[in-house]
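Letters A, B, C and D name the chains as they come in the text, with residue numbers starting at 1 for each one.
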Amino acid sequence: MQKITRDVLVEKAASLLENGTVDRVLGWKKGEFDYDLTPAVFTSADDLKDLVWNDFCGANFSKYLIANTKKSASKVLVFLKPCDTYSFNQLLTEHRFDREKVYAIGIPCEGMADISKIKAVTGDGISSIECGEKINVTTIYSDDTVSFDLSDVMAERCVNCKSKKHVAYDELIGEEGDVIESGRFDEVERIENMTADERYAFWQNELSRCIRCNACRDVCPACTCEKCVFDNPNHSLENKAPATSFEEKMFHIIRAFHVAGRCTDCGECSRVCPQNIPLHLLNRKFIKDMNTHYGEYQAGAEVGSRAPLVNYTTEDVEPGDVFEGRE
Amino acid sequence: MQVNEKKPLIVAFCCNWCSYAGADLAGNNRLSYPADVKIIRVPCSCRVNPMFVLRAFQRGADGVILCGCHPGDCHYTSGNYYTRRRMAMLFSMLDYLGIEKERTRVEWVSAAEGAKFAATMNDFAQTVAALGENKRLEDLRCKR
Amino acid sequence: MQRIGVFVCWCGSNIAGTVDVQAVSDALKNEPGVVFSANYQYMCSQAGQNLIKEAIAEHRLTGIVVCSCSPRMHEATFRKTAAAAGINPYMVEIANIREQCSWVHKDMLTGTEKAIILGKAAVAKVNLNTPLTPGESPVTKRALVIGGGIAGIQTALDIADAGFPVDIVETKPTIGGKMAQLDKTFPTLDCAACILTPKMVDVAQNENIRIFSYSEVTAVKGFVGNFDVTIKKKARYVNEDVCTGCGACVEKCPMKKVPNEFNLNMDNRTAIYIPFAQAVPKVATIDPMHCNMLKNGKCGVCSKVCAAGAIDYKQQDQYIEEKYGAIVVATGFNPISMDKFDEYAYNQSKDVITSLEFERLTNAAGPTAGKLLRPSDHKHPHTIVFVQCVGSRCSACAEKGKEYCSKICCMYTAKHAMLTRDKYPDTEVYVFYIDVRTPGKNFDEFYRRAVEEYGVHYIKGMVGKVSPEGDKLKVQASDLLNNKQLHIDADLVVLAAAIEPDKSARPLATMLTASMDTNDFFTEAHPKLRPVESPTAGVFLSGACQGPKDIPETVSQASAAASKVISLLVKDKLTGNPCVASSDELMCNGCSSCERVCPYGAITYVDKEFRMPNRTIAIRRVAQVNPAVCQGCGACTVACPSGAMDLKGFANNQIVAEVDAICK
Amino acid sequence: MHNSNKKLQQEIIRISGVNPKKCMRCGKCTATCPAFDEMEYHPHQFVAMVEDGDIEPLLKSESLYRCLTCFACVDRCPRNVEPAKLVEAVRLTVIRQKDANHLKADDIPAMLDEDIPQQALVSAFRKYAK
């Protein structure tokens, strides 16, 4: 596959800004560290010098379109990796932004790096990272550069990538890929095969680390509520910080339930979790269950599709029988 | 109050048209079931938000059961079909988190099935009592 | 803060026998919001109700909790009591301590304990109750009937008879539907035209009825009592008001080779045509697909011969908007296509026909003027084979057949067989059947007459294959009762094709937000108790659009639908159930989840302006619930991720309060 | 009533994957059967007899070998019952009952008629192996 360079994106964005097609560009920008890229809005060709495209551009911009299309007088340019396009479509299904106000450029993605996998080797003190053929890391501990192959430090969600195909775009840069058979449910299955006690212990261990920073919710392209029920004082379930172990669970169960059938499995929740809780395993459980019991469904694969939880058949499985075939 | 004296607490959500009437019929026929079962009336089983189920557990319920019209008989034509999907997913998730799946149940009880209502509640209360106190879900602050 | 009064009923010893009512009223006295608590022998009695009324006045109560029998029993009673004392009836909650407590528990201690908890839950709920007022909406006193077959005709006549204006929308140039194509009708063998055409004339002459023929419904908005419907009147290139139906144009039209759909393409008509002699309205229509004038501007004969000057080649489709209070669907049925049934050689031989084609062949106004002649060579057939259940009761292949029984075929086949033997005694008639189903008044007698008096050969078994050979049709069939395989040289084979809903029904159902089953038949609000209403309020079902039906059944359903419409239209106002969903627009995402689960189509979306910080204005799509349509199931409240959608009377915080009170 | 053989019945249903209960006794299979005159039990009877568990007569019947396996009955059946598969399952049951005492591969060459073209054998296998 032809590798897309930063310059291609900058050139494209600059020309679209210049000819007035768009007045805002959503792209990645360097954050505090080289690996810590942050989503940014660029409004002039001059700004674009800060645009970054490398192995750390994981952020999914679909959600940012809700706010940015409202601010734009013409169109917003957004770069979408294949997995981002699913969120993009899902938001269109939910009428969350005006398609006419977006200029979407699909860009191929070969997977993104997971900084925690790099840090596991180098330690936390990374002073710089350069992405090229290899990912070259220098640390504060020595003058030597440590090199990584992307495939060795690829994020879990990219290792288990479900699709290299863009399901929405106005213009595609590079080559189109295909939907992929992935092993993304293997881990869910492994947990399912544990005993109830083991599962309880597993999740107790994972979820008890939750600090309720709400990063998972804030980044989630499905969590776009005008006001989250957990923040709504008029809603009987308002809960800002968990006081008990159950409230952590409650938050995550409800969150997973609210996005069930709408979650495209983009994996942003796990990427941003500062406590490294594998939150995507909750969402994938719902996706797997719905696929098993209600037929294959991929949220965002097409605009306007009807999610399993707002649909039914008269022959659906009984709630008491969903466990069948397990344990 | 001593721990071993604690009786199981069961919250039953009943749809107004079938199951609540079924519960009334059980009463008319004097078919007894444990007093641990407390019924909350909802217009349709599809009114029951998974949040209500979790809330009940959080506040110390040991079992939660939903009763609705039989599939195909919903007063609102399709409500219980949505209930079926939602609860199937919720229960599966609770099980995935290691919570005893016997603590949750959905049962279809028609307005004519007073006997089934009583039998269901007896059975469910027994199952929940056998599991003992709900330690995995409750909020410790609310413990009686 | 509410001021709540608690009233504990003894129900004689029914409650007081197992529940310490004094203890209950004492315990509930200390609940938040409770300012008064009492118990009494029979709360539902006049004296008991007076006790409540007095307490309301004396203690300025704003909410009432009655601990008594099931709310299904006396909720309405106590609501009236509260209303009579001047507080909103929806500020009353019932704690069911009889059916769900005293009657099912044996000892006083558990009974009392549970009664207190149920009472607390009711108090917790009332604390969050808000006064509710049922919404009212006006009723447009006009009905729309979609479909002008016998179902639509009967419905329209009955509604018009009650004094309400009715409009019939029919896609064909004339009303009459399938019945107009039939010859005789079972089991009495009246001629279809003789009983139908007077009704068609009644429709035409009824002052309350307007006919929109050659028209279709293109958009429906609104809700029960207040539908806004757009009707497209297709251009027929003839001025309806001027045309006298004299038929001079039809006679002179040079384009005479247009397949005549009324005779199922078994003969031809002209490009300008009147479907049949008794058509209503009796006006000509130009078929734009075949008219030379409309296609290439060369002809104009009809215009020249029309003495009334009714021809208008420039006519355009016209859109009419009208308001209706009720809509009746009467879109009817069609026989399914026989294209997939290769084994019966329908596409290979002209002499394999469907039963509807047979009707036309025996109809005096049909292509053969009522003489039974083979379509291929116009010879009289001597051996006729009727095949039942062609495509009915077929679960093997959805593209080929239908899983259901088409219901009418057994009877019309018996009719065809009997009439054939009656008119042409020299004809051998075979009927191959799987079962003969004759549940109807005088139906089985009719079928037996065909066998016993007319000597029709009824053979249990199916036809496996029909192969044209020379001028014969070789029919290979099984006789299951004699365990024989039969080979019949037939002259004519008649297929009893399954029937299916008209293709226009599916898009119409979408417009009406009325639900359909997998076969595209409209679903009824309740299969037994509300068979002529659709679950969508204000939409009614008449005839075969709801399921296969014969004429008597269609007519009775049509009249039933009419009576439902009439009982809606006589009302000046519709009072709704106040316990309906409503959306908090500030929190609504406009995501459409609620709309997708609503079985009534009560939810619509509007773009609304919101004031944002810094004096900016944002436009957002938000859900709005039509309280006149919503039935209050609450499916939407759970589908809504943001919690914007809530149900009045069973609000999120009310139910949670009950949960909390019970689990305390 | 006749002796019903539950075990064999279940076996035949399992092998064939046919649910004889779906049959509505229309007889279109039999009507369509080109080998009707050759067969003692006709396709619809196969279905009915298997449903009744009346298996013994079928096992003995020559009809098993008169069926051409043309699948016309399968094609025409309005209820997807697939009688031919049932006939095949009964055939297979007979073979299995003979205690798996079939031809061994080694025995075949001696029995071969040199004049039969190889192709005929292969096509026969194709035809009957479904």
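Here is the rule we go by: contacts are C-beta pairs under 8 Å (C-beta built on N, C-alpha and C of every residue); 3 or more make two chains touch, one makes a residue touch a chain.
Computed from a prediction, not measured in an experiment: that's the story for all the values here.
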Subject >> Interface with more contacting C-beta pairs, comparing C-D to B-C >> reply: B-C
Original post:
So which chain is farthest from chain D, going by the mean of the CA atoms in each chain?
Top reply: A
Original post:
How many angstrom lie between the CA centroids of chain B and chain D, rounded to a whole number?
Top reply: 52
Subject >> Averaged-CA centre spacing for the pair chain D and chain C, given as whole angstrom >> reply: 47
Subject >> Centre distance in Å when chain A and chain B are each reduced to the mean of their C-alpha atoms >> reply: 36
Original post:
Of all the residues in chain C, which ones touch at least 2 other chains?
Top reply: 597, 639, 652, 656
Subject >> Touching two or more other chains - residues of chain A >> reply: 229, 236-237, 309-311
**OP:** Pull out every residue in chain B that's touching 2 or more other chains.
**Re:** 50-51, 55, 78, 82, 86
**OP:** Mind listing each pair of touching chains for me?
**Re:** A-B, A-C, B-C, C-D
**OP:** Spell out the residues on chain A that touch chain C in their complex, using ranges where they run on.
**Re:** 70, 93-96, 224-229, 232, 234-237, 258-259, 262, 306-307, 309-311
Subject >> chain A residues within the chain B interface of the complex >> reply: 191-192, 194, 196-204, 229, 236-237, 243-244, 246-247, 249-250, 253-254, 256-257, 260, 282, 285-286, 289-290, 293-294, 308-314, 316-323
Original post:
In the complex of these two chains, what residues of chain C are touching chain A?
Top reply: 586-593, 596-597, 605, 618, 620-621, 639, 641-644, 652-653, 656-657
Original post:
In the complex formed with chain B, which residues of chain C make contact?
Top reply: 70-73, 96, 98-101, 103-106, 110-111, 113-114, 117-118, 121, 515, 523, 525, 535, 579, 597, 599, 631-635, 637-639, 647, 650, 652, 655-656, 658-660, 662-664
Subject >> chain C contact footprint on chain B (complex, rising order) >> reply: 9, 11, 16, 20-21, 23-24, 26-28, 30-33, 35, 38-44, 46-52, 55-56, 59-61, 75-79, 82, 86, 118, 142, 144
